[in-house]
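The first chain written gets the first letter, and so on, giving A, B, C and D; residue counts start at 1 in each chain.
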Amino acid sequence: MSLLSVENVTAGYGDVQVLWGIDLRVEQGEIVALIGSNGVGKSTLLRTISGLLPTRSGRITLGDADIGGLPPDQVVAAGIIHVPEGRRLFAAMNVRDNLLMGAYHRRDGTPAIRRDLDFVFGLFPRLYERRLQDASTLSGGEQQMCAIARGLMAAPRLLMIDELSLGLAPRIVEELSAALLKINATGLSMLVVEQDVLTALDLSHQAFVMVSGRITLSGSSKSLADNPFIREAYLGVAPVAGVAP
Amino acid sequence: MTAMLRLLNVSRRFGGLIAVNNVSFELRAGEIVGLIGPNGAGKTTLVNLITGVHRAGAGEIWYGDERIDRLPPDRIARLGIARTFQVVQPFPLMTVLENVTGGALFAGGVPTIGAAKEKAMEHLTFTGLSHLAERPASSLTLANRKRLELAKSLATNPRLLLLDEVNAGLNAAEIDAALDLIRAIAARGITILLIEHVMKVVLTATSRVLVLHHGELIADDTPGSVTRDPRVIEAYLGPKFAARYGALAP
Amino acid sequence: MMRVFAFAAAVVLVLLPALADNYVLRVATTMLMYSALALGWNFIGGFAGYPSFATAAFFGLGAYASGVLQTMGVPMPAAWALGGAIVALFAAALGRAILHLRGHYFAIASLVVAEVLREITNSATDLTGGGMGLNLPVLSLDVTNQARLFYYAMFVAAAAALATTAFVAHNRLGFGLRCIQQNEDAAIMLGINTLRYKVVAFVLSAVFPGVCGGIYASWVNYIDPTDVYDVLLSVKPIVMVLLGGVGTVMGGVYGAILFLLMEELVWRNLLQFHAGLLGIIVVCLVLFLPNGLRGAGWAKPWWRRRTEEAAP
Amino acid sequence: MLYVQVLVNGLVLGGLYSCIAVGFSLVWGVLNVINILHGSLIILGSYAAFFAYQYLHINPFLFVPVAALLLFCLGYAIQLVFVNRVMGSAVLITLTLTFGLNLLLYNLMILAFKADFRKVTLSPPLGSLNLAGVIVPVDRVISMGFALALVGLLYALLRGSRIGRAIVAVRMDREAAQLMGVNVSRIYAITFGLGAAMAGAAGSLFSVMFPISPETANALLGKAFVICVLGGLGSVPGVMVGGLTLGIIESYSALFFGPEFSVTISFTLLILLLMFRPTGIMGRRGYQ
């Protein structure tokens, strides 16, 4: 029984349909990557799962609970946390308050929340240094760390991260990937939408490729990395010789 | 001959934060120059300074032999400096054709709405959007919205075009198409400053690359030497990346 | 088809004074006045998308300017025109001062202008008669001819407002204002001098209410500050345009007619609950708007409809 | 000595003014809605205090929490039933909606309470203190104390509590707040309720100091405008600064130009501020 299963989901904005029957699964403890160029509907799928966008048809289940069509606050209560595209930390609030906002829906008391706060500060020491700083004064990389940490504070069963590397220097992306692997090691399953195909395939166990609102290819990340179609379309590798993937 | 655009020791701070710090460089007519740097390095602020959205705290900006760092943005647009926005800024409820007509009608200097619409249609065909002319701008995909931004700024018939992250989010195939478009625009004699994150575009399309880091210009050289410059690698590219793309650039 | 309907309406409007009794004439004159106010507001509120609550200020200033001029012996029509000019100058200066504000800040600034003008008029007793009000020189016409005169005066004002609206909607100014309404920052980048365009729209939104203020003053012959600077003179035109369709050419006219018919039916029987009922009408209109503004759903401009008809 | 007296009067008045404006600033800052109803809600609080004192002999100062609770419920209901349907609409829509609601509430108050002025006269009048020549009416000082305490309480709630953080989060990024599990409509209703509660509390304090009638509602709304722009939107300390500043300006202008000019001067000040310094003295992007 998968942790998350998305069956034949369609969704869109107004008269523009974006998702045309999506099937996707995340197994317990796995990191799943969702790759594809911008505008194909990756973010739309995450927004549909997290309830920001209504599902038009199809089913979304977490464990055995059907969460399709639930409002965002109930999807959060069910345990799916969505780290949005562009990070979207709360300005005029310091880092610590942003992290506490992550734990807003939790009912398991202050000691448990304080314990998780120490865990995320341990995972991202720089956030501890800047904990009393206004979140909008952080650098791009630090903001992404804070957004991920804020998601962890909600004690999720599934963490969804939208556009991990957007706008970040490659060096920072390497650091973040290492942190995500460490988090996954604690057993947390993840669904990561990622622009840079190399980063995505390095990071994940399974991957799904989306083109204009449909899943066209899926499988283990290793197999996809060697797949000629992926190398051609996304790595633009084939024509220019001499570049190791 | 005088440079098309000249920045002399330009700086700007917001509150305590120095966004752009003592930047100087020149752009000569017909060049395609890249501008790279991590998020928050000051790239967009630099574009806002050139286009008059922000006023320079210190230093001068010259466009040909006219000083423009004190002019309002609409005057600068009418002088022939156009830009695309990193966060796409269409007129949402207007059609694609009307969006581009606006460019031709005002900065483009076309007198009547009718003539401006014809001019706009030319730019739509050039950017491959003519089949979407009557669609509302809000219904476009991201790639097409980026093309709409391009068509709008072309309609103002600029001599200098600042492309801010026009290729962000496109896949390899879409990037190749965008590259051809950029080369076609340059072929019309328009000077281009390409603000980019997608290294593949910058390394193959530009003759010169400016690297910005924490608001300072740390490199102004050919793409090849920039990717091998240790300061750039340390500040932005990271060793693994440089190895992968080092061989790619001339 | 539209041509026939418009022509027939024009004929009826021109012949009305000869046919209708004084009550119908009074209601028709009020409808024409509010059509002019709504069409005026549409320039800044509809086309440019700036939520102006200054219509009452322009109306009141026009009333007092032409009223005071008439007490100084200026003939009535000249006083109306001069009143309109004074209001236009005032709006140009005010526009330059507050049109850099956006959203709520602009709304509040425009709302408060009428309050300040009312207080100033109240205290300038030697010129305006202050709180005691201002009596205008009595006309030498009998009652029915007076009613007809002011009907035609308001008719001319409304027709001028409609013609100007149609003209602006078809030219650069209208297109530029619509760009400003959709996304002002992008409009600046296309080379539009947005402040100048907004000030022109603001002056247009002032001159028609200003002239109507002058005509109204002569019509009722006695004005006082609370009457001509009443905030409802700012709010009713807005609700009328919302009802009729924001940013369109005819929206203000349809809205004015519908709103005043509704108000006339309701008001006739429940006098002491008038404000409350007006409130209920406004709330219902805003919550259940037929085709007016909800969020950014501005109505379609003229050139969109033509291209769609022309498109295969 | 006269100047000190006028200054003290201004500060005492200013304390109450900040309480009058803080609810309006909260609703404007967080919901981005100009609540034209705010003046009438204050007067409703005053009438509640007046009748509680008249018939139930509850001292208005003790009645403050009750007025706040009553108005909180009314505010919560108004938001859920009416304002929630236009959240995110253009300024024009939200402003016109609350204008219509205010017309209705004003007319209902006229019918219920008639238009004549009423004043709470405490049976053992509290008299006034004489601090080195400066006469300070006790009831005003208590009102000011209450007002500043209420403003401080709201500030603490916004900064320190879970609900307060949620309110600020919704203000800064509604969608991101939803992703944290915040039920946004409930937070809007709580915020509007809090705004109304502060209005009710201010109303009870107001009834002790000034005569009340449905007609004075618009003047109170006008003061709330000026204070918010003067002090800077989006900060409770800003409202306190704005309120005290307006209190001082009005009492000095009453001294130099006569009391009837205080409204004109405060509105002229508002327009000048909007022209040159719309963000006000303490204006900040966030909301504390």
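For the reader, a short list of remarks on this structure follows.
As a working rule, a residue touches a chain if its C-beta (ideal position, glycine included) is under 8 Å from a C-beta of that chain, and two chains touch if they have at least 3 such contacts.
All of these numbers come straight from a predicted model, not from anything done at the bench.
In terms of the stated touch criterion, subunit C and subunit D have no partners in common. Summarising the inter-chain contacts, the pair of chains with the most C-beta pairs in contact is C-D.
Subunit A and subunit D have centres, each the mean of its CA atoms, that are 44 Å apart. Inter-chain spacing, taken between the CA centroids of subunit A and subunit C, is 53 Å. The centroid of the Cα atoms in subunit B and the matching centroid in subunit D are 48 Å apart.
Contacts between chains close into a ring here, every chain touching precisely two others.
All chain pairs in contact, by the document's touch criterion: A-B, A-D, B-C, C-D.
On the subunit B side of its complex with subunit A, the touching residues are 17, 38-40, 139, 141-143, 168-176, 197, 200, 235-238, 240-241, 243-245, 247-248. Subunit D contributes residues 162, 165-166, 168-169, 172-173, 175-183, 234, 284-288 to its touches with subunit A in the complex.
Against subunit C, the residues of subunit D that register as touching in their complex are 28, 32, 34, 82, 85-86, 88-93, 95-97, 99-108, 110-111, 222, 225, 229, 260-261, 263-264, 267-268, 270-271, 274-275, 278.
Taken together, the subunit C residues at the contact with subunit B in this complex read 170-172, 175-176, 178-179, 182-183, 185-194, 296, 298, 303-304, 307-308, 311.
Note for the complex: subunit C touches subunit D at residues 45, 49, 51, 53, 97-98, 101, 103-105, 107-109, 112-113, 115-116, 119-120, 123, 235, 238-239, 242, 272-276, 278-283, 286-287, 293-296.
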